[in-house]
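Going in written order, the chains are labelled A, B, C, D, E and F, and every chain counts its residues from 1.
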């Protein structure tokens, strides 16, 4: 961490959250440790993130992680490419798919649904001012409903925030991610 | 709103939040209405946003709004430029400052502190992968502490999310913003 | 004005031009004052500008101002966005339309004619080397005649000059524009 | 010419202008013929152009032509690169200098004055919104006075108009330029 | 040459190669002299280059040179634009075609075959990560076979190497090229 | 392989080359198979490549592979990122270094020498027309000699060719690379 922010006293809920991470993952993701300088910010971030990535949605968890990595590839975010690249590998069981999302999603043999989803997410990342009704129409044509479009947009938008936060404070991914599901 | 998402049954807390908006602003900001298709998402967004923009910080509320507008100018987000441009005009009492943030912050006669703050925010927006230690050092040289750097980064990063969300679902600003503090 | 150029002795015609501005607008636009360091340059600029923006044309005065602002938005010209943004508001009586031209014309609910006109003007601004016959064909398909295409091109091209001149010498808009037709 | 605009009845002054071109150059430059669909526009353009490129200035005619070509190279304007590339070759008597302005002015062995002049002109062309006081200061440091800075800016700005006009209507250079001073 | 690399002892084959250049061209192209600091590198480069540009192919030598210049125009390589611009003029006997390849190939009146060929080459140069099956399909639709697609790609790719090598070490074209076939 | 080019009859030398690959690597790299449609092209490519990456040089083999991956990251070449990313991991024994070259070399903790080397290679990749004497001076200041500058340039330039060739014909990396040295 490039910023020298001492960890705050955490609430019982956030301590329990970290304990659960340790139990399930064997470590607390460094992004959470980076927010732990302020208990309220950690709480708000955790709630927002968990709703986004884990709540019921027309998008599978793998699809949300694919968006995360394709967006992070545009923004060249080392933290997110590492952590969410590992997530794509784990959820898909496909090591090559994870690499393709990191390197160039266009080179992957994607379903029409997944191609439309990632094309929208990447256009929204690169040129948000050019997104128009025809872009939403392309998602609908690929079978996405109105709420699904919200969710594609929300995940893509979130990682445009998270990529920048990670770069701004030089977050470093936990070492454990690198070797997972290779 | 380009997406046809029916409003959800809102929790008492979110109904109270909307009532408070009506009382203080005379309207509920459309960004909140757009999240109201899902009570949990509205809650998470509101909590995250309010901590970011209103919680105690080394950055004044005006400074946070200036970052919001300068970032939204890069991303050409009609919603955020309108709503947060109005906020800059209101908090500063300076109609021209609001316009300058929308049009080209480099044309404003800014203090060294504000120039450094906006240069960082805009570089983080345009080329997050190029942010390095020397960019943080420039903020420190302009008097920002470690926690302030977090806050500059967090506001700039957030609007990179919010700009994209607004473009993705075609959010439209409340009409009231346009005439405020001209 | 960032350049320290003393005003020249003006010809009777240019003095009358300034008097007419004072009478009609209440002020002499700063762009004219900036050219007033050289009477011949002021004369040439005024003649060129007035033919372009006021002479009979298949484009209405409002359409010419809409092009001016959309082009100035690409170039982020504080002077022209302010002065011609006010002109759009005045000629249309629509405060929001002026803001949309400044912020992102794609977010405006434009007629097919106006969308084609601004798409051409903005492409000509951003990537003039990519303009080809099919771009002119798109204007024709939207109902523009040959002379209209010349006029769209001439206005868009002119503001690519004027935006740069304003940035080069740091022209500042007259304060009166900001509050007009809000 | 891609636009089918019939030539207008020309004023005596413009007929004399064309005759003078024929006498001195052996041809009427196609840019003038393209404006000849409207006598008033031809008059305004000719007056503006001749003041810019021929009136007394701290910049030599060759320097003005060098700016014209370096700017036209950024915009890849076939008409202007051909016509003004020939002008650089003729005024300098240096065929290679003309080619360097067309291809990449940075590869030329330029004086500090000429390098500063072209760096300013090209930055003004590519990113006018980034021009600030330090850019003008660089010109001053290279020996340019206030009026010279105006003239560098005016020539660079003009060709940003003229390049776009030529691309917009597909102007074609007179064949005679190609073989001059090779 | 900006790099001070002394010429190596050349093999008999490379001495013969240089002699043949002198006999046929009147000079040894400076690109070959620049590789002559290392006999093995000169050999490898010469073999690779001669196979690419001279071996039997579905592309004519002129077509290969047109690709070379259009690619070099994107990369603004002074050496390659000069040397291969001359080659286009010589092989086509068309001085204007050479200039058009240097300045903006889109302004040339090209056959559908040549337009497709150069569009592919330039897209491959500017955004190689966006090349997909539909780009190859466009070449096939213009009559190119599988091996032809390889050859278009190979020539375009090679000049992306050669342009960079020339810029990296500041290669300067032989003066003789400038006046050829004007 | 997206192109359907049948493998040619190979020379004894190229058959031996493939046998050596099989013996040392367990497979023939797909890039070589893709050139095998033409024995002369395979020979020329192999000779050029092997001199570049394996011949004696002031740059270590690892340094040449680091350049290969950093350049391929700019161009988002799936083939080269996979194959040369594995090479960086193998030659360095550092799995994370390989990932950093793929994702964003600026996030790696590099020596001043390696940072200067990669900054030059990436600038040469992104904006070759902006490389000037001061860029070479930065390499010299980091301890690179004239021949070393040639070699940095040659490797960076080569992968600008190879990345494009791989994208143009849709080369796919051998599966074995993915799991190496994780």
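We take it that a residue touches a chain if its C-beta (ideal position, glycine included) is under 8 Å from a C-beta of that chain, and two chains touch if they have at least 3 such contacts.
Only a predicted model underlies this, so the values are computations on that prediction, with no experimental measurement involved.
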Common contacts of chain D and chain E? C, F
Taking each chain's centre as the mean of its C-alpha atoms, give the chain farthest from chain F. C
Could you label the chain C-chain D interface same or different, taking same to mean over half of its residue numbers are used by both chains? same
Chain separated most widely from chain A, comparing mean CA positions: D
Per the C-alpha centroid definition, the whole-Å distance linking chain B and chain F comes out as 43
Approximate Å spacing (C-alpha centroids) for the pair chain B, chain E: 50
Taking the mean of the CA coordinates per chain, how far is chain A from chain F in Å? 30
Can you list the residues of chain A that touch 2 or more other chains? 76-77, 104, 129, 170
Report the complete set of touching chain pairs. A-B, A-C, A-E, A-F, B-C, B-D, B-F, C-D, C-E, D-E, D-F, E-F
Contact footprint of chain E on chain A as seen in their complex: 104, 106
Chain E contact footprint on chain F (complex, rising order): 2-5, 37, 40-41, 43-45, 47-48, 51-52, 55, 75-77, 124-125, 128-129, 131, 133, 136, 146-147, 149-150, 152-154, 156-158, 160-165, 167-170
For the complex, which residues does chain B have touching chain C? 73, 76-78, 81-82, 95-96, 99-100, 102-104, 107, 170, 175, 178-179, 182
Interfacial residue positions of chain D with respect to chain B in the complex: 129-130, 132
